[in-house]
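Both of the next two complexes hold chain A, though its partner changes from chain B to chain C.
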Partner chain A sequence: MRQLPLISTGVFLDPTSWVHLDWILLVVAAWLLIGVAGVFALHRLALVARVLFPAGGAFGLLLFGVALSAILSSPEVAVLPFGLPGLPFHFRLDSLSAFFLMIIGGVAAGVSAFAAGYFRKGEGTPPGLLALEYHIFLASMVLVVLADDAYAFMVMWETMALSSFFLVTANHRIAEIQRAGYLYLLIAHVGALGILLCFGILQADTGDYTFANMRSQEILPDRASIAFLLALFGFGAKAGIVPLHVWLPEAHPAAPSPVSALMSGVMLKTAIYGLLRIIFDLLGTPVWWWSLVLLAFGLATALFGVVFAAVQVDMKRLLAYSSIENIGLLFTGIGLAVLFSTQGMPVMAALALTAVLYHVASHAFFKGLLFIGTGAVLHATLERNLGKLGGLIRSMPWVAWAMLIGVLASAGLPPFGGFVSEWLLLQSFLFSPDLPSSFLNMLIPVVAALIALVAALAGYTMVKFFGVIFLGQPREEKLAQAHDAGRWERAGMAWLVAGCIALGLFPVQFIALIDPVTQLLVGSGLAKTVGSSGWLLAPVAIERASYGPAIFLLGVAASFALAFLLVRLFYHGRVRRAAPWDCGFPWQNARMQDTAEGFGQPIRQIFEPFFRWERELPTAFDAEPRYRVSVTDPFWHWLYLPLAAAVERLARLIGLLQQGRIAVYLLYSFVTLITVLLVVEL
Partner chain B sequence: MTWLGAFSQLLEIVLALLLAPLLGGWINQWRAWLQNRSAPGLLQPYRTLHKLFNKESVLAEHASPLFRGAPYIVFGCMALACAIVPTLSTDLPLSPAADAIALVGLLGVARVFISLAAMDVGTSFGTLGARREMLIGFLAEPALLMVLFSASLISNSTSLTTIVETLAHRELAIYPSLAFAGVAFTMVSLAENARVPVDNPATHLELTMIHEALILEYSGRHLALLEWAASLKLFAYSCIGLALFFPWGVAEAQAPLALLLAMPALVLKLAIGGALLALLETLSAKMRIFRAPEFLATAFLLAVIGMLVHILVRP
Partner chain C sequence: MSEFVAQLINLLASTLLILAFAMISQRRILSLIHLFTAQGATLVAATLVVGYATDQPHLYLSAGITLVVKVILIPLLLHRVINRLNVRWDIETLINIPTTMIIGIVLVIFAFDLALPISKLSASIARGTLGIALACVLLSFLMMITRAKAVPQVIGFLSMENSLFFAATSATYGMPMVVELGIALDVLVGILILGVFMFQIREQFDSLDISHLEKLKED
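Up next is the complex of A and B:
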C-alpha cells in the first residue's frame, strides 16, 4: 500500500510511475484549484467561461480515460493524512468505483463544455463563485466514490450535498428557489443520518470504521437487515425513491441547467453506487426478502415517476419526474440482482446487475443531454413552461436534433442506449422461471408487465416533451427570434450525443468492459457468453435471445436509402410548399395545437387515483372565463404536511419549557443536577 | 449464413413488400361483400400507390426535415419488421439482429416518428392524432410484449425463430396460456392497425380518427410510403400472429423444398386470416375513443394472466 501517492518519495516528479489513483487525485486537485481560481475572478465572466470551465471539462475527459482503463486493473489504495489527527482518509479504487468515476468524468466533460457557454452575468451568484461550487461538487462526487472508510465517505457525502445546495440556490433571490433549496438540504440531511447509522451497525462494535474492516465482519442477519433498511432510506433519499422523492421536482427546475444535468445524471448515481457498495460488498451475504423491498419501492417509484412526468407542464420538472422513474427502474434491477444472488443464480444476478450498470451509464448520458438541452432552450426563450414553447426545431435546429437523440434514448427505443438496458432487464425477468418458490415465480411476470408499461409510458412522455417544445408552430411571438446554441454548448451536447449513440451501438464491447464490476459484486459476469458472438448481444445463448443494434440500424438505414433512391428513380422528387391542409380549415393558428396539458389529459384520466388535482371550470355565464387545472403530488398531503404538523405540535409542547424567566431556568439546571447525581449514585 | 438463408431472407422481404398491399385489397373486398356493397378490384391498393407516387408532394410551408424524413423511417422500420418475423423460413440471417423485444422496440420507433411528424406542422388534427396514437401505443406496446413473452416462456427464448420452431413442434401439447395470449393479441392488433372497434381505416370523420389524423398533412410519395408502411404493418402483425398461433408450414433450415411449400401455406393462411378480420370488423361497432384504453387494458391484463397461467400449470 502506498501511503502518500503524490507527495512522498519523489513519485510526484515522475508521472511515468503514477498509478490510476494518482491520476484521479490529480484531477480532483486540479478541479479544486480551478474552483479556487474562480474565487479570484469572481465577476470576470470571460475568464471563468472561456478558461475555467473548459479546463474543468478537459480534466473530466482525463478522468473518463483514466477510469476507463482502471475498471480492468486491480484495486489500488491510498491513505491521505487529511481530516482529524489519527483519522486519515482512506481511498480505494476498484472496478466498481472506477465504473462510476467513468460516468462522472464522461458526463462532467460534456456538461462543463456546455457550462462554458451557459453561465451569464446577473443571475444571482457571481460566475466565479459558481465555478468554485461547481468544481467542489465534481471533486466531492469523485471522492465519495473513492472513499474507503465511513469518515471520508460521510465528509465527502456532505460536501456533495452542501456544494449542490449552493448550486441549486444560485438564483437565491427568488423565494421559490430558496424553498426548493431548503427542502433539498433537509431531505439530504435526513438521508445522511440513515447512512451514518448504517455505518454504525456495519462496524460491528469494533470501533474501526474502515470499509476493509466492515467487509471482514460477519454481522447477524437481523442487524444486517436493519443496516440494509437504513441504507435504503439514506440512499433512497438521495436517489429520490417514493416517498422521499419530493425534493427532486423542486430542486431540479430551480438549479441552473448544467447543475441539474450533473445532479440528475451523476449525483443520483452516487446513491446507486452507495447502495451497491453496501449490499453486495460491505454486508456480505444479502437476505432474500430485501429483494422484495427493493422491487416494491423500485416499481412504485418507476410507475409514479413516469405517470407524473406525463402530466407535467414545466419542461425541467418533467425531466425530474422522468429521473425518478429511471431511479425506480434501477432499484428494481438491483432488487432482481439481490433476489438471484440469494437464490444461488450468479449468472442471472450478473445479468440483472449488468442491466443496472448499463442503465446507470445510459441514463447519465441521455438525461445529462436532455437537461443541458432545456438549458439552451431556456436561454434562447426565457421560458420553461411547455405551454409557451413550440416550433423551435426551425430556429434552433442544432439543439433540436441533439435533443431528438436524447429523447429517443430516454424513450427506450432501439438502437440507442436506453433500449439496451431495458432489453437486458426484461431478459433477466424472462430467464428467471427457475426460482425455487412459486410465490416468487408468480411475481416475476407481474413485475415484467409493469416494467413494460413504464417503458411505454416513458415513450409517451418523451413524445410530448419533444413534440411540444420543438415541433408545431411557435406558441408565442418571441420564439421566432430564438437563437441556436453557441459553439461551447454545441460541443458539450455533441459529446453527450456521442455517448448515447455509442452506448446504443456497442453493447457487446461495453458489457465486456463492465464485466469486472459484476465479477466483483456477484462473482459472475457476462463477458464470456457475450463476447463469443461478436456483434450480436446474446447474454445467455444466441438461440435464447440476441440483439444486434448495428445490423438493426443498418437494416433501417438501408431500407430508408433504398426507398429514397427507388422513389426518385422510378418516379420523381418534386415538392411544392403550401399552407397546411388541416381538413381544409383556413383559420389556423398556433393556439389550436394541443397544449402540454392537452397532451397529458388521457394520462390524467386513466391514472386519476394517482393524482390530487384541482380544477376550476368556468360557468356558461362567466364574463371572463378562466380554466385552471393543477395536479399536485399526493405525497405532500398524505405524508409531508401531516408530518410537518406533528413536528410543529411537538415543538410547541417543548416550547412550554421556555418560560423566559431566569429563576425557572435555574430550577431546570438544579433538577437536572439532582437527577444526574441520583442516577450516578444508583 | 448460408446461401439458402440469404435467399429465403430476400424472398421474404420481397414477398412482404409485394403481398402487403394485396392483403389490404383482399380485406377490403371481403368487407365490401359482407356489407353488401360492390367491391373495388383486388389490385386497387397498387393503383392507389402508383397514383400517389406519381403526384407531386405538397408540404406545409414550415414543415421541417423531420416531417419529410419520417415516412422513409417508418417505411424502413416496417420493412425490417417484416424481414425479421419468420413467415416462410426460420433460417433468416437478419433474425438474430432483433428478437421479440427488439421487434416491439422497432414498432415503437415507427410509432414515435409518425407521431412526431404529425406534430411537426402544428395543426390541431395532427397533434390530436399524435396524442391518440401514443395513447393507443402506450397500452398496446406492453400488451404485445406480454403476448410475445407468453410464447417466450414456452420456448424459453425471445428469439423469434426459436419460438416458431418450438411452437411448430408441440405435438398435441396444449398451452392454456396461448389461448389468453391469442385473445390479447387479436385485440392489440386490431388497435395497432387502426381497425374497426378502435379506429376506422375508411373514415375522415374528424372526431373519431386516429391513424388518418396522423397522416392528414401528407401527400404524394410521402403519403404513398406511409400507406405502404401501414399495409406492411398489418402484414407483419398477421405474420406474428400466424407465427405464434399457427406456426405450421414454415420451412426450417436447409430445405429448399419446404420453402416452396411454405409459400402457398402462407398465402392460404393470410387469405383465411384476412377474411376473418373483415368479418370481425363487420360484426363490431366502433368504440368511443375514451373506451379504447379500457379495451387495451383488458388485452394487457389478459396477456399477463396468460403468463401467470403458464407458470401455474407448468409441470
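Up next is the complex of A and C:
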C-alpha cells in the first residue's frame, strides 16, 4: 500500500521495489508519450505504423501481464497530485479493476498490432494524430478503471468519450460520419450527467468524493435506489442498453475498424465495470427490485439487439447490433447476481457474476477479432455491404479462418469462450428454483427461455455473417483480386484468436482468476468447487452439471477423424467425377445464391412488429432487377424524433421572446421592474 | 424659513413631474430637447435649494456639474445631432399620446403609493418628493418604450438619469461625490456613443426609425 505519489517517495528510481500499480501507471505514461510522439510525426505513416502502434501494443501486453498477476494480490492505492490544487487524483488497484485492466491490455495488444498494418494514407485525420487519439483513448480507459474518486473518474470518463469521438470521426469530411459522431457525443454526455448525479447522491452530503468515503457511507434505500437508477442510465447510455443504444449502430460503421474493435470490445466493458463498482462496491446492500429492472432492460436489449443483427446488411452494423445483444446478456447476468445476493444466496450470486465476467472477457476477445476482421475485409474489397461480398475464403484464407474462430465463439459454440460464459449464465438460471419467492420462481424460467432464444438467434446471425462474406461465390467481379491481410494484421488477429481459444479450453484456470473478483463483490467464489473437479468445469456440484472442454474437443476431433477414416476406407477411389444432370440450370452464378436480405427474411417475417422497414421490389421489366430492403431502428420514430420535435417546439416558444424590437425589450425590463416593485410593496 | 424652503422644493419637484408629462406628450424633437434642458435647469435649482437648506456644500458642486453637463453640454450635442441628421420635426409614437398619458397617470399613482412607506422612514427635508422622483423615473422609461425613433429614446434615457439624480438628492441628500462624478462622465460618454450609433443607423437604413433594427434578429 502506498499513499504518497511515486516521485516523492523515491521508489520511482528503483524499479525493483515497484508494485503493480507503478507498472500500470508506467504503461499509461508510455502510451501518452507514444501519443505525443505521434504529434511530431503527423504525416510520417511509416514511422507511426511500424514503430508507434507496435510499441503501444507491446505496452498493452505488459499491462496484460501485470494485471494478470495483480488480480490475485491485495489492493494498492496511490494519490497523484494532478488535476486541481487540493484535489488530487486517487487511484486504487483491486481485483475488479485488475480484471478489467487485463482485458484492456489483452485486447489493446492485438488491436494495436492490427492497427500497425491497418491505417493507410489519405484517410481524413493524419496518422500521427490518430496515434495520439488512439493512445489517449487507451490510457483514459485504464485510468477510468483505476480511479478511486469521483473527480478522477469523471475526468477520465469524459476523456475517454472525447478521444473516442475524435477517433470515430477520423473521416470527418463525410456528412454521415459527422452525424454519427455527434449522436455518439450527445448520448455520451447525457449519460455522463447521470453518473455525475449518481456520485452526488453517493457522497451523502459529506462533500468528500473519494470512493473510500462513498464505501463507508450508509445511505437510505430510497436515495440508494435513485442513485442506482442514475447509474443504470449513465452506464447504460455508454453500454448501449435499449433505448439508449442508437449511437452504437451509427458510430461503429463510421469508425475505423481498430477503433470499433476497441470501442465494442473494451469501452463498452468500462460501463459494465462502472455498474459493478457502484452496485456491489459503493452502494452497499442492493435492493431486490433493482434486479428486476436490470433483468428487464437486459433481456429487452439482448432480444432487440439480436433480432436487429439478424436483418442487417452492413457487416459492421450487424456486429454493432450483436454488441448490443451481448451487453443485454451482461446486464441480465448482473441482474441475476443482484437478485441472488439480495436473497442471501452468495454462491449463486458468485456463479452469475462469474458468468458475467467470463462473458466480458470472451466478448472482448471475439468481438475485437470480428471487428478487425471486418477491417481487413474492408481494406481488401472497399465494401461494407454484405450484398456485394462473398466467396472471400478463397482469396483471403487467413482472415477467413481467424474470423471462423471468432464467429464460432460469438455464436456460443464449444469449445470456445462464448460457450462457457453462456453456459454458466444458463446454469445460474437453472438454480433459481431455490429462490424463496414463488413470483420470482415463475418469472425466471421465462427469462432463461428468452436467453436461450437469444443465444440461438445469435448463432443464426453469425452463420449469416460468415456465410455471406466468406462462402459461396463472389458477388462482384473485383472480389477475386482481394488480397489477404498483411503481417501485422495477421499478428493482431492471431493474438485475439489465441485468446478466444484459451478462454474456451481453460475455463477452470480462468475462473480461478475471476474468483478474487467475486469474493470482493459478493463475498463468495467458485474457485474451490471448480478447482476440486480438475479439468472438468462443474460450477456448483459435479453431479448437477459439468463441462469438459478438453473432452469435448477430443470428442469432436475423434468423431471427425473417424468419419474421415471411414469415408476414406469405404468410398476412396469410388468417387467418379462427371457432368451431372443439370436440373434445368446448366450454370450457377453469384446471383443465384442466397443473399443477406434473403437469409434474414424469416426473422424479418417472424419479428415483423419490431421493425420499420422499406422494401424496393423490382418490376418485371427491369433490365438489372434489384431487390433491396432497409430496416430502420424503430426507436428513432418512437422516441428520439418525438423528443427532438418537443425540444424544437419549446425552443420556438422561447424564441418568441426575441422580437427584435427595442421597444419590446424595454417593455420586458419595464414590466420586470414594476413587478419587482409590486412584490417589494407587498 | 424652513417651511418656505420645503414648499420651494415641492414646487420644483412638481415642475419636474409636469415636465416629464410634457415630454411624453411632445411630438417634436426640438421641443423635446428644450424640455430636457428645462428639466436639467429645474434639477439644478432643486439641488441648490436642498444644499442651501441643509447646509451641504457638496451639493453645490454636484449642482454645478449638472449645470455644465446636462443643461449646457448635452443639449448642445443633441442640437448638433439633430441638425446634422435633419430630424428636427416630427416623431411618431408607438402608442397614441392620450393613451400614454393615461398609463402615465396610473404610473404616478403607483409610484406615490410605493414611496409612501419609504418617505416615512426618511428624515430628509425633501422626503415628500420621493414619490415624484420615482414617478419621473417610470415616466421616462415609458417614454423610451413608446418612441419609435432613436433620438427621443436617448432623451428618454437621459431624463431617466435626471430623475434618478433627483431621487437621490431628495431621499439622502445626494450620492457620494465619486459616484456623482462617475455618473456624469458615464452619461457624457454614453451620449457620445449613442450619437455615433445614430449616425450608423442612419447610414445603414436611411432613417432613424429603429424598427429597421428588427432585421438584425436571428431567425
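Methods note: the second predicted complex is superposed on the first by the 620 of 682 C-alpha atoms of A that agree within 3 Å, B and C clash if a C-alpha of one lies under 4 Å from a C-alpha of the other, contacts with A are read in each partner's own complex, and residues count from 1 in each chain.
We take it that a residue touches a chain if its C-beta (ideal position, glycine included) is under 8 Å from a C-beta of that chain, and two chains touch if they have at least 3 such contacts.
Since this is a predicted model, take the numbers as computed values, not measurements.
Shared-chain residue A:F308: touches no atom of chain B or chain C.
Of the two partner chains, chain B is the only one that A:P445 touches; chain C does not reach it.
Of the two partner chains, neither chain B nor chain C is touched by A:F89. By the touch criterion defined above, A:F564 lies against chain B but remains apart from chain C after alignment on the C-alpha atoms of chain A.
Contacts of A:E681 after superposition on the shared chain: chain C is touched, whereas chain B is not. For chain A, the partner touching the most residues, choosing from chain B and chain C, is B.
After overlaying the two complexes on the shared chain, residue contacts for A:L673 are found with chain C alone; chain B is out of touch. With both structures placed on the common chain, the touch criterion links A:M592 to chain B but leaves chain C unconnected.
In the superposition on chain A, no contact is made by A:W23 with either chain B or chain C.
On chain A, the positions that touch chain B within their shared complex are 390-391, 393-394, 404, 408, 411-414, 419, 422-423, 426-427, 430-431, 433, 438, 441-442, 444-446, 448-449, 452-453, 455-457, 459-460, 462-464, 466-468, 471-473, 536, 538, 542-548, 551-552, 555-560, 563-564, 567, 570-572, 574-583, 585, 588, 590, 592-594, 598-599, 601-602, 605-606. Touching chain A in their complex are the following residues of chain B: 53-54, 56-62, 64, 66, 72-73, 75-77, 79-80, 83, 94, 96-99, 101-102, 105-106, 108-109, 111-112, 115-116, 119-128, 130-131, 134-135, 137-139, 141-142, 145-146, 149, 152-153, 156-159, 162, 204, 206, 216-217, 219-221, 225, 290, 293, 300, 303-304, 307-308, 311-312, 314.
For chain C in complex with chain A, the residues that touch the partner chain are 94, 110, 113-114, 117, 138, 141-142, 144-148, 153, 210-211, 213-218.
Here chain A touches chain C in the complex through residues 658-663, 666-667, 670, 673-674, 677, 680-681, going by the rule given at the top.
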